[in-house]
Amino acid sequence: MNIPEKGGRELEAILGKIGDQVVQAVAKTSPDLARLLVEYPFGEIYSRPGLDPKTREIVALASLAALATARPQLKMHIHGALLVGCTREEIKEIFLMTTVFAGFPAALNAMDAAREAFEEVERAPSPEGKPT
Amino acid sequence: MNIPEKGGRELEAILGKIGDQVVQAVAKTSPDLARLLVEYPFGEIYSRPGLDPKTREIVALASLAALATARPQLKMHIHGALLVGCTREEIKEIFLMTTVFAGFPAALNAMDAAREAFEEVERAPSPEGKPT
Amino acid sequence: MNIPEKGGRELEAILGKIGDQVVQAVAKTSPDLARLLVEYPFGEIYSRPGLDPKTREIVALASLAALATARPQLKMHIHGALLVGCTREEIKEIFLMTTVFAGFPAALNAMDAAREAFEEVERAPSPEGKPT
Amino acid sequence: MNIPEKGGRELEAILGKIGDQVVQAVAKTSPDLARLLVEYPFGEIYSRPGLDPKTREIVALASLAALATARPQLKMHIHGALLVGCTREEIKEIFLMTTVFAGFPAALNAMDAAREAFEEVERAPSPEGKPT
Amino acid sequence: MNIPEKGGRELEAILGKIGDQVVQAVAKTSPDLARLLVEYPFGEIYSRPGLDPKTREIVALASLAALATARPQLKMHIHGALLVGCTREEIKEIFLMTTVFAGFPAALNAMDAAREAFEEVERAPSPEGKPT
Amino acid sequence: MNIPEKGGRELEAILGKIGDQVVQAVAKTSPDLARLLVEYPFGEIYSRPGLDPKTREIVALASLAALATARPQLKMHIHGALLVGCTREEIKEIFLMTTVFAGFPAALNAMDAAREAFEEVERAPSPEGKPT
């Protein structure tokens, strides 16, 4: 299996339908960025065996909450984290740690993104949407 | 057990002797910051049951590598991560993910902090120093 | 008076009704973060005698404007600054300084948050709403 | 020609009508920031001979995309870049480079700002609006 | 008095000899940046009447500690803050607030810069060097 | 020519011997990151035809100066910029623009990295070392 195939498989495994929607939306403006998104983060990095999918999503949430500059991607990875088996309590626990590393405003805004993502799950119940 | 006691216990459990050294160094300039460091991050946050110590150190490494503004704390938590059971390969895998979320320069500098921390472990072999 | 009590008192003194609303909103997603917000920033830090409330709000505005990643919290502290006695001219003067430390985009966006906060004050005249 | 005159001329040359709108909007809250915006970035920096206008807009786009904290200013400079001769393909190429220096989320959000700016150009066709 | 003169006067008033040394050091690589540093931050912004010099240094310290990317400038402004009348306790209090807005690592590194600046004052006793 | 070959060729074209040294240094800690550095930034991005090498280095300098968190990489790309034909005056002009987008501290530290890189060129005269 080559890199684009591995990337597509990982993207679907971690982000489900959302991943596909994001890639298609990006492709309208930049097919190159859409392709690189599949191939590099998912095909090269996520597909590596060194960490399991749940741990990778924990790394994603911690990184994005600390950066505090990428709410759409943070929300997308909250959905991804739920999909690969993080509970809501674990996600909220990560954002409590954000107060330590990046301060209270970053943590409050990450928690607000969690609120929004959790509400989206409520409204569109799906296998990954079961409250935890 | 009260918050300062819980904080002291967590600090030692996660960072070992390094934690104590950091607290004592900070205390020379600001006893208040030293006390708050024990009480808030360790006494309030790390001591919570919601995530195990290894996962908390993964969150710490991901956050600090993405921020790219706190090399001393990143190095300290690389030592902490080794102490609570992360392998070197897992730590390096987290920093490969940093390329995705915060770019290559942040990842290269985190990997360089890992190199330095790993070398410190080599030079001062201790129980947590066993290469993985 | 214990930390939670001190925190609640400080929160009210500095942010008025807005502080209470924020805490209640956060509590719906994370009662823990709501509690920590009262206890740590307000109970531990704001309640210290070393700086007066007005100076603390100046520190808040300077920090948040420079970070440029926390517009809701910046707006909240613009209201807080007005409430503890900063004039509009002083707030705008802080954001002129943001051009020096964090660049023009950060300053322009902080000034736009000020515009929005000032307009909210106009629409809902209250004791703290007197234009300065 | 003095600094304010040079600034006004540069602002118009690079940002067209948008520049004037931004200055007038800022002036309602802070006439000082509006004046400094004309005089410093445009009067002092952009008006220097050392780099041509197109290169200056490339620097602006690279800087703002990497910072990832100033979407309104990024969008404004996408319009500016088109006006001084950057093609859409060149702008998108800069944001592909953002993946390297600041990570995929920053690049994705910059590309989304480009999408929005390009759509604005479509809706309000003007000399600079010719798709490239 | 024109802008360059006002800038030179402010620079000396706030940073003393250190300001002059910084400007001369920068001038070796970029006389333009040295000139702009005198004229814009000091000639245009610091010289404004809206905030007193001590408050301006509080804004500087809060901004630079939160950004966590400019240790040389943070240290310079710690010296400046001492020179215009901030006490060591006030400076440390600002950095305790940094834990709230930007997290513990940023606060720890700002406090370490304070330690270094305070030690420099001890070694080279001068009028502003009196411990507070 | 495949991606690793393209990456190796681009790396050498833009960074000369320095690129090779960086890759080899990284490889000691993480052969994976060394490989990804060649393949993604250089093999996938730099090797694209959409921007010429000089423009790509301008994007690199603007991005890294604005981020202000990656001095080693900034210095490396100052060497790269000289190698692909940027003059010292152009590099300094980019960093003057950094004052606008990211503030004076970021610009001062970028200029100091330029000073250091220029001095390295003086000490080790090479084809790309001719002062401009």
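Letters are used for the chains, namely A, B, C, D, E and F, taken in the order the chains are written, and counting of residues starts over at 1 for each.
The rule we apply is simple: a residue touches a chain if its C-beta (ideal position, glycine included) is under 8 Å from a C-beta of that chain, and two chains touch if they have at least 3 such contacts.
Fair warning: this is a prediction, and the values are worked out from it, not measured in the lab.
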Copies chain E and chain C - interface residue numbers shared by over half, same or different: same
Angular offset of chain A relative to chain E [C-alpha, multiple of 5 degrees]: 180
Which of B-E and D-F has more C-beta pairs touching across its chains: D-F
Separation of mean Cα positions, chain C and chain A [Å, integer]: 30
Centroid spacing, where centroids are CA-atom means, of chain A and chain B in whole angstrom: 24
Touching two or more other chains - residue numbers and ranges from chain F: 32, 36, 40-41, 48, 64, 67, 69, 92, 96, 99-102, 104-106
List of chain D residues in touch with chain C within their complex: 22, 26, 28-30, 32-33, 36-37, 40-41, 64, 67, 69-70, 72-73
Residue ranges of chain D touching chain B (in the complex, touch as defined): 99-106
Sites on chain B touched by chain F in the complex: 67-69, 92, 95-96, 99, 104-109, 111-112, 114-115, 118
Touching residues on chain C, where the partner in the complex is chain B: 32, 36, 40, 44, 48
Complex interface listing, chain B residues touching chain A: 40-41, 45, 48, 50-51, 55-56, 58-60, 62-67, 70, 89-90, 92-94, 96-102
